[in-house]
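Both of the next two complexes hold chain A, though its partner changes from chain B to chain C.
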Partner chain A sequence: MTLQTLVNNLTSDTMNVSLPLFRPELIICATIVIMLIARIPRFTSWLDSFWLALLGAAVAFYYAIPAGGIGAIGDVQRQELFTGMLAYDSLTVFFRLFLVAFAFWFIILVRLTGLADRQDGQDFYTLLLGATLGMCIMASANHLMTVFLGIEMASVPSYVLAGIIKGRRRASEAALKYAVYGAGAAGVMLYGISLLAGITGSAHLPTIATKLAAMDLPALVAANGSSTLMVLVLAGLMIMVGLAFKLSAVPFHFWCPDVFEGAPAEVDAFLSVASKAAAMALLVRVAFGLGTIAPPTAPPIAAHKIPAVAVAYQQPAATTAEAPASAAVAAQANTASPNINTQISSAALAPVRRFIVLVLAIVAAITCTFGNLAAYGQTNIKRMLAYSTIAHAGYMIMAVAAAVYLAGSRPADARDAVAALVFYLCAYVFMNLSAFAVVAFLRNTLGSEEIADYAGLIRSAPVTATAFTGILVSLIGIPPLVGFVGKFAIFKALVVAGGPIMIALLAIAGINTAISLVYYLNVAKKMCIDPPPANRGTVSIGVMPAIYMLIVAVPALVYGIIPGRILEIATHATQQLLM
Partner chain B sequence: MTQLTLASILTQPVGVSHYLIVGAVLFVCGALCMATKRNALGVLMGIELVLNGANLNFIAFGSPYLRKASETMGLDGQLMSLFVIVLAAAEAAVALAIALNFYNSFNTIDVDRADQLQG
Partner chain C sequence: MLEFSNPAIFITWLVFLPALAALVIAFLPSRGETLKQISFGVTAVVFLMSVAMIFGSGPTRFRAGVDGMQHMFSVPWIPSFNINYLTGLDGISFPLVVLTAFVSMLAMGASWPIKKYEKGYCILFLLLETGMLGVFCALDFFLFYVFWEVMLLPMYFLIGIWGGPRKEYAAIKFFLYTLVGSVLMLIAILMLYFHSDLRALKSLPPQQVVATGVVNLKLDEAAQQDALQKIYSAELPQHTFNILALQLMGQHTDLFTTPSWYGHSLQWWAFVLLGIGFIIKVPSVPLHTWLPDAHVEAPTPISMILAGVLLKMGGYGLLRICYPICPQAGYDLAYVVCLIGVVSMVYGAFAALAQNDFKRLVAYSSVSHMGYVVLGLGVWSAFAGTQYNPDYWKMGMNGAMFQMIAHGISSPGMFFLVGVVYDRVHHRNLNEFGGLFARMPVYSGIAVGIFFAGLGLPGLCGFIGEVFVVLSVWNYSVALAVISAAVVILTAAYILWAIQRVYLGTEYKGPHGEALTPFTLREFSIAAPLLALAIYFGINPKSLLNYMQPSVDKTVVELTDWTKKHEAAATKPATAETTVKPPHNS
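Up next, the complex of A and B:
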């Protein structure tokens, strides 16, 4: 293979396969550049960046829809883009649609609340779309570099968003804490990545899984105290530090309540929904990427191209040594029936999965319990919702733990567990976006974010108070609201997984649901039963905000009664995993 | 056993393990710096040290001169460290701007004074 053919292959792969599938991200990039440039010349400065951002998000959403429409997400074949850097499968398509649609609604929200006004709106929208771009990369990461790149691209704009309001002490403190903690966690994660990449000799997740399977891990585990194993465990834990920070999982949750209290409520909605969804997708990618052998991809050359180029440059002799090995692997993958192949990989990678399940289960149990207990004494609504976000992250990590636990033996059930996670995330958008939207709208009219100031709100603003109560009930997980269906799906996944760890998780999740009743209903009681303060004037959030609030809150009831449509999409989105 | 390995490292020609030791020292220095410095700029310097420790690892793991061809990461190592350098610069720029913003409202960059929000 000459250099010429390699370059030709690379060009045609990039131009014909990767770039067309990468269009939504490219459109977001273009929108950012256009928004920034449009401010400079005088004849375009009248352009409102709100419309540009909204248009960019809408076009990106249009191009993110797969060929057969949204219903055809499940038919998307798994491909690797940019020589294995990104994975393009049904899960990528789903999360891209999810994140871009969320960005669209979020842009409307910040316009309605007045956070991003005409003067410096473009700063806000630039940061927002930049973070969304990073999250799209997180959701499709297939290489340790894109894992890190995605996390950084999503985090750095978020640090600025947290402190977007200038001159407020709390906002600047929140931004500083977020930036320092975030950069520290990213640094530790990068060191873990370097160890893992070094010990396996690759940074491409499926290749790492094959290398790990070839290492004969069960024997290493049996020979207690092998140094290779120690480095692997250390690397795994360090990578978990970075992921846990993005998930706001205990013990890396410290930033979450502080940032949520200091930052504007709208930014909290972004951090608690989009950032969390992207982090969950990344967790699934990393856990499945390392814990299972990936299926052979449609263009199989793509995965090994970069290493092949590198080796060819350095030592021509090495290419010949490498080629038979990879050919043998490919031949084995082709000849062996899928079933046998799965069993081989399943046995070889069982220790990896056991490790991931154990870490995730412990983190999930502690995160969930801590979040719910700490939410008790909170007097600030944003702080309470921050702890509630932490607790919900715990429930979602449980679903990932169940999925990894099942991945080796029962792939169909593992897919169902990821589908439960996807459903939960969909439910979570309606609940948290509308909860924070209500908090932002009420801040604009009441000038306060203290729970005590919401007393008797039902008398002065009945629609808002009713909608907010409904959202809180949905966050607890009581039928007929969508939170119940989501929680039920995750509990079902835990039951299907079985085994002592999963049953223990189920018990913890059940107890936590009971605990969470108290603090959510406390807010509902304040709003609906307590008498209003004597000196309160009229409380009116305005017509447009009220319509917006209903548009995002009513689906929580509708999809709670008829969840079929979202369940269907969730099943489609996970169809290509572990196939 | 430990002494033996250390001794052999000192007598052997420079290999991957030497780079890894320097990288680990950088990492530990950076982590200590993050944990003990009270000045926000000191904490940011610690973060840079941690990132560069990881960078050194990438370079060593990717080098064709230090490892057998079947074990190296090839160009991936160098590419990742290049990306990390760029990301570290971007992150430092943003973090410094945030530190300046913090200074404007608190008249200090002592992270212990950031106590309005109690985690």
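Up next, the complex of A and C:
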């Protein structure tokens, strides 16, 4: 084939397939550019960048909705974008909606708390939307390059956001700490990526998986001390370092409490929800990408009338019977039905999955326990919530561990485990966004973020205190609040998985639930039981903030009682995994 | 929504009316007295609704002498998890529902001295009542768990805000103990759920399976059969949270006998996990330590609720869930459970004897009295002589049930009476009382009556349950029977001694003597009904047994049949262990 046809194919693929599906991200990019440019000419400088950002997020959300509406997330056609760089499937669609919707509500929050004012609002919104863009890429990464790119695109704006309050030493310290840790973790991860790419000759996750399957790993494991195996394990661990940093999993969590304490509470909400969700999505992508043979993607060839060659090298592992066999694919396709092919190769990847499960299980158990224990001694609410975030990351990683554990033998149950994670993330939005929103609103009126200063809050601000108590109880995981359903779903996934590791995780999760009770309730006790200080004036967070708080907090109760809708969406979102 | 003649809707209203009222109260201006009146009105309506099920006519009437579930109601709740909103009442749960409504009403009446943050108090109190009623009505394991947990938070704040000097410690201790228990319960629920399989019930008579509510109860018979056949012919296991279906699986299939960790079967672990959860609630030694603290620090009405209703949930859970679902574990662990019961009785009685705090004494007496319940439930006396004859067993279970109701009447009464003097003299030191009879004659008369009911004096409600239990234990283990009978002496000792120190004597020498005003009408009308019921059930136990005996007997008969099968299988060669147990035809 000539260079010309290659270029033609590439252009056609990009213009006809990838870019239309990449529209929400493009809209975010455009919003950022418009916001920045609008400040320059005099006739547009009166434009409030708040409205631009809000509009951009809303339009991006609109375009992120799949053709059949939100209920049809599961029906999107799975394909790879930009020659295999990104995966476009139901999970991508879900997380994009999730992240963009979160950005929308978050923009309103920072406006209400006054963190992003008219003067330098566009800086804040630019960073915010830029990070969201990176997170969208994280959630759809299908290639080690996009994995790294996504992490960096999400992280760099986050470093700046952490230090957004100028002239505050704590904030600057937090930002610097975050940046240094982030750079270190990114370096290690990049090294791991280079090792893995070097040994398998590809950075495309499905290709790596097929290469690994072809390596005859069980034999390598049997031959003790094989250097290839050592390098693979090292690569795996190093990539995990980068992911663990984003997940704030122990032992790469050190930045989290310091950053959360130094950064404004609103930024904490962003880091603890959006960043966590994107990192979880990325973890699922990497774990499933490396641990399982990618299912055949829908052939874009037939749909868009472009020659098979252009896509052939993107998906060597995956050929459907309809896809015309090409030279590159021929090596792979031993003409058996793709199903059997997948099964055989999936079995070959069992050692990879065992490794991933083991690493994730250990990380999850330690993260969860450490987070909960460390939260005990905290006197600063943001620090406490930082450790609580760490602990919740532990619960969520457990779900991923269960999913990978099940991926080889019982794909339907593995999908349910990922659905449990997705549900937990949805529950987590209501809990953490409202928790940090309350902290931010209270900071504006009380001028303090110490738990001790919340004493007797129910006397002067009953609605806020009640809502915050409800949120804390939901974080413990007590019915009828949504946190319980999330926890129940994850426990359920662990029981389904069975086996000693998963049962041990279940026991650890159970113990942790009891441990977490005390520190969450301690805050509730401060607010509701302790007497207020004598010299406190009136505490009022204002009408609009109160409405905002109720809008994000009440769903925690409503969806705790009727979780059906979110469960359905979670099931749709994970429908296409391992299919 | 408002068809009160439909029993299912009637019960749903009964359960959620308090929660609804709590929501309304949240939007009312906080004027303490009015809110308390409204709350009292709501609890009274709930009580009248429950009474209407006894005496009323029409479809909502709860029929005595029927052993099965009545007024069952099922709607899908969380379909993707297979969870239904399934409620129903039988002779075991119905008396407890009435008791709950009754004690809640009296406790709300006893809440008048509470003058602090009345609005919050009323809201939490009503939420608590919904949780309690829901636990007894729920027949779906998940629903049961949700209601069980819903009670925790209101209770925590009710103790923590309106309690005594060490309220925060007591409240968090209560919460932590119960939460640990319920996490264990959650794990057991999941274990049972994933090993359950409705298809295994194929060999049972269809009407028996339909009666559990696994298929839509509103359908006609043919449609129900079709739905059942659809379940049976499914390819994948049909998991369920339905408690009644799980009971059938526990007794008629070997789904839960699969070997699990450390050589014990799945149901052994489930029984232990659930049992710990329930025994914390009962509470039994050694998991009882939250109770004295919670009782002593809680305000009087909350102590009444705690003693009158919350402790019963432990016993109810054992009777409804542990034994019927995990019979083999119950069979293997029968002696352990009995021993826990006896140890609680003895320990609680000795501890009560040592107290100087009036309320602590009553709290330990609860530990002791609830020991009878555990003992009565645990006795696995499927034999009379060499025959399979469950008569003694029935007696024990009925005794335990009766004891729950009796204790639910006498112990709220005792806590209330302690609260009455505490409100006046602001101390509870037994050694500083004396001579109350002269100052408050009506109060003291009622108090002595209720304390005697707690003691188990013949002719009062406490006697029946204790005698039934001790008699049935005799058939199971003479040693345990002798010990449990001897506890009566200890009980008499601490109660008589307390009466002597508080009510007898020549004159009151403690602090605040001038405040010892006579019983008010409000206080009288709370204590008098309790005493009246204590006497009525003591003289006419049949009136209560008519309702609960059929259901309790049914449980026992089913368990006896299971024991017969189990022992027949055990005596046969080892191969019998693995074969599917033959279907039981009743």
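Heads up, the rule we're going with is that the second predicted complex is superposed on the first by the 539 of 579 C-alpha atoms of A that agree within 3 Å, B and C clash if a C-alpha of one lies under 4 Å from a C-alpha of the other, contacts with A are read in each partner's own complex, and residues count from 1 in each chain.
The rule is short, and it goes like this: a residue touches a chain if its C-beta (ideal position, glycine included) is under 8 Å from a C-beta of that chain, and two chains touch if they have at least 3 such contacts.
Values in this document were obtained by computation on a predicted structure and should not be read as measured data.
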Of the two partner chains, chain B (first) and chain C (second), which one does A:S202 touch, if any: first, second, both, or neither?
first
Looking at A:A223 after the superposition, I want to know if it touches chain B, chain C, both of them or none. Which is it: first, second, both, neither?
neither
Based on the superposed arrangement, let me know which partner A:R168 touches: chain B (first), chain C (second), both, or neither?
first
Let me test your reading of the model: by the given contact rule, A:L149 touches which partner, first (chain B), second (chain C), both or neither?
first
Of the two partners chain B and chain C, which one touches more residues belonging to chain A?
B
Determine, under the contact definition given at the top, whether A:L567 touches first (chain B), second (chain C), both, or neither.
second
Let me test your reading of the model: by the given contact rule, A:L517 touches which partner, first (chain B), second (chain C), both or neither?
second
Of the partners chain B and chain C, which touch A:V496 in the superposed model: first, second, both, neither?
second
In the complex formed with chain A, which residues of chain C make contact?
77-81, 120, 145-146, 149-150, 152-153, 156-157, 160-161, 167-168, 171-172, 175-176, 179-180, 183-184, 186-187, 190-191, 193-194, 261
Along chain A, where are the residues that touch chain B in the complex?
144-145, 148-149, 152, 156, 159-160, 163, 166-170, 172-177, 179-180, 183-184, 186-188, 190-191, 193-195, 197-198, 201-204, 254-255, 257-258, 261-262, 306-307, 309-311, 313-315, 317-318, 321-322
Which stretch or stretches of chain A touch chain C in the complex?
458, 473, 478-480, 484-485, 488-489, 491-492, 495-496, 503, 506-507, 510-511, 513-514, 517-518, 521, 525, 528-529, 562-564, 567-568, 571
Looking at the complex, which residues from chain B come into contact with chain A?
16, 20, 23, 27, 30-31, 34, 40, 43-44, 46-47, 50-51, 53-55, 57-58, 60-61, 64, 69-77, 79-80, 83-84, 87, 90-91, 94-95, 97-99, 101-102, 104-106, 111, 114, 116-119
